[in-house]
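My structure is below; once you've seen it, I'll send some questions.
The letters A, B, C and D name the chains in turn, as written, and every chain counts its residues from 1.
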């Protein structure tokens, strides 16, 4: 069971919050191409869950994946450089927002395919344990993912083979524009129960509450337990994807958005710090992100001649497409 | 709620039993090529469920699908001709054992892909109801299929859109050689509960018990209810597939097989008839099958020149493969 | 003569078919609000019953459409990203495509699979930038890739009325093309279109690349007379139309946004050399083998077939035969 | 010189690699009892932990293998039927294949996908008789189709040791081929093999069709001198080896059990005509476009490329150039 550490937890949610706000600016400024799925409003989940993990653990994220990578401790400079498509990026500019990965710290990557990460993380955890590591894994996914057969199959494999994977459902109420009630027959927790996977519901807007629930689950898993599921109730403060900033899609009532934004994980955790501590963290985070933006924008763009470098790990070279 | 009709129900299970025994002989004799997945021992399920259906209803079966097609009332002559690959077959010899279909009586077909039929039948039922029919549907599948994501997705769609589909899980204890306990985390009924689909368990070896459970479910569905699931406990009396007659696969203990075969749906239902009635049905079934074998073997084989007839419903003709 | 965008042409085709035939219905993710900006307004006009938002259960709703088609309806599925076709490959290829033959002609499966924004949308990276039309030509599912608003309208209408499954790729690179359109009419499957006549070389260009090919042809106009052939349908392919063109020009270059190995370019070149003797070896400009689009915009562009590569291929082809 | 069947060669390759490298493990349906008769005895020897029976959850266990590979293991998945590759197409193509590039070289995904009994097993009908190797050549996943026991052993061993995903098709038509094998050695990827030298025409035959091609070559020996080239690996393809052969013979016929459109035959013909001037138009003998194998044995055979068709193609090719 990890210790409560309000300052650290606040630093993480604040870092993600400001990182995302900076990233949105860079999208509007054209320095980040293709847009992003902002994690704004959901910071408490990544922060709380990652605070419960150890060095040997692994996680896989989603298309809305910046928070998971940052909370796990990836270098903000290299993370932002990745979003800007620079050679110094975590993925050398090859992955971008939806594929940011840092295997050196157990981040198998964001994933652009909804529901895909559950089975991958299950295999990775099983393999690391076979190799003698005391690894547990985390698979983050949204409420929309519980309708993907591939994820439900992963629930079955993890439960059957007792692979310690914490399935974290970030229930922000919508899959793009589809409300949970219109997409999920039964309940999210019920999807876990179907495979004898214990499930708890937690307030995703309270980072500390998430941390407590996650470290309890991680503790049980380290003690030999099988997979568990946490449904974190949360709310997406911004658009599904930044393209919505240009095209207004009408699916969330203004007052719903206002109510949703009222429960702010950054404010909630911030109130657990004295003003001076909070101000210190805020300043530190700004400095970190100022540096990250400078680093990213000063970093070189990849050479088109290297477009297919890394295509094959075996070194096989692909035939070019030219005539 | 359909009426009990012991003679009719016995006739159906007896027909399937003897049809399958004849088919196995024809496999050994080389008249049926490619082998079959015998339905022997599971006859009570198809018979009981189909006894609960009306003329407007539709069903889809499995790779172990002969029983479903026969119980729904397909012509045994044309069914056997199909297994023998003759032009008079239900599918003009194009489908064989794993694809036997008769859309004229709502049999969308056996299906060689485990877990595939659930979503198809859901769409078919939804479409027929939109067209004004009071249709309910049945999706048969085995215990192995509840681990296929595509079937679990179908559970969600049917429940969400309240499409009246009766999901019938024929739990014969094994997926080929894999025991249920080694494959299903949680329970089969729990898979339904996950989607708020009511589930009942029934003795699949008692045809009348299956009929009662099925017609109760069908009654609720006709009254506006959503999908339901029946888990029918049964036992496969013969091999997974006739290839096992040649290659012994060691996965069921002899005494388990003996115990399993002891609860015989044909005997159980037969005991509900007086000897004269039973003898009459048996004779009638033998005559039917003698005729079917004669019909099938006397029917013409398709002309190789017609190999691609039916490939495109639009009449598009495919380019030949020759040089 | 109204000016219509490719995207709006798709919307018009869907609206016209929904209005014309009650058996037609639309399903997919976020189609009611129209996240793709193709289905905009259709839910309002035709109702939530016929314009259905689905949960993220692609395999199930694809087979749901198969079942509905078996029962006599004409579903149109919108997929938000091209790789979703990988996820439902089994449901399309092993089920929808195979039912008519396997049942011995008892049924038809008239489903349309529409992918607005196929190929690269700059910055969507590895898992969202595929252009897998050749896969469907290989398995024998009718495959169309319209290049212009008129063809987008006409081919989508025809696809919806067709009695077999049809995959319609609407390339991201063509979605904003605008055109003056006199009349919106159905376009037959398997019929190519010559956008520009020429004497020296036939360039077969697919989808959005038609516009790049036309630009290159103009640039080279004073040096080489380039004919631009747009097959429009990849399967079935208009080999007669193309053979006629190549018989005149004697030279062939294929411009294809798919991967190189076993792609449409290979099929087109083979089908031609089986029939026509060329004055120079045929050439293809494609994505590389096994292409995965890297995120960084410059790399993303580098992996896609470009105008410079086409120009080079045309020059080399002329040189080879002189 | 032990006589070994193709099937046993696969078993030997699995056993040798399981014994050689503790990172290798096998998973699939009914692999412990060995329903495919390929994995027979392996569970007993290597234990249920390394020879794992899976539930019918192909998508999950395919991605489970991807995850295990990311963590440093070398999974081998056995698929019971070829169309299961359709069901996991997303997991192989959009994930396993793309991870190395998308992560900027942070990882490798050494997974082997083994399909024993690909193509037609007479009487298994429409959904169990596909031969979809061209799909993987198109997406750029390493694809091998061994024709002989020695190559089955050598290529499966090499596939397991390879650092990228590899699909191994073991055609049903080759599973019972037996051969005298002096030594079992790894066979390099991307290297073809000439089974029979000839002067007049090069026949490229894939998988089990190699044996049919050799039979046809013998039959025609007194009329035409046929060279039989077996690529063994379809992607990457040994175009240098084949070009050398065709440069000698001047004629090319491809014998391919895949569908025609966008298939390997098209890729092979295109790659050759890009490099070599032929004396006669190239020909291909393949499955038809959009092939679905009908159940009735005579129809099943009729849809597969046959010896008669190859013989005809060879004769026509000779006639065209005389």
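Convention: a residue touches a chain if its C-beta (ideal position, glycine included) is under 8 Å from a C-beta of that chain, and two chains touch if they have at least 3 such contacts.
If you're wondering where the values come from, they're calculated on a predicted model, not measured in any experiment.
Taking the mean Cα position of each chain as its centre, A sits at the greatest distance from chain B. Averaging C-alpha coordinates per chain places the centre of chain B 40 Å away from that of chain C.
Computed from the mean C-alpha positions, the centre of chain A lies at a distance of 45 Å from the centre of chain B. Chain B and chain D have centres, each the mean of its CA atoms, that are 35 Å apart. The multi-chain contact residues of chain B, meaning those touching 2 or more other chains, are 91, 93-95, 99, 113, 147-150, 153, 156, 160, 182-184, 308, 311-312, 318-319. Residue positions of chain D touching 2 or more other chains: 55, 57, 59-60, 83, 87, 90, 94, 101-102, 125-127, 140, 236, 261, 283-284, 289-292, 294-295.
Taken as a contact graph, with one node per protein chain and an edge wherever two chains touch, the assembly is complete, since every chain touches every other chain. Across the interface of their complex, chain B is touched by residues 147-153, 155-156, 159-160, 182-186, 190-191, 193-197 of chain A. Of all the residues in chain C, the ones that touch chain A in their complex are 29-30, 32-35, 37, 53, 55-60, 83, 87, 121-128, 253, 260-261, 283-292, 294-299, 301-303, 305, 309-310, 312-313, 316-317.
Residues of chain C touching chain B in their complex: 49, 54-55, 57, 59-73, 75, 90-91, 94-95, 99-110, 140, 142, 162-164, 189, 236.
Across the complex, chain B meets chain C through its residues 58, 89-95, 99, 101-104, 108-109, 113, 116, 118-128, 130-131, 149-150, 153-154, 156-157, 160, 308-316, 318-319. Listing the residues of chain C that touch chain D in their complex gives 83, 86-87, 89-90, 93-94, 97-98, 101-102, 125-127, 130, 132, 134-135, 137-141, 235-237, 258-259, 261-267, 269-271, 273-275, 277, 281-284, 289-292, 294-295.
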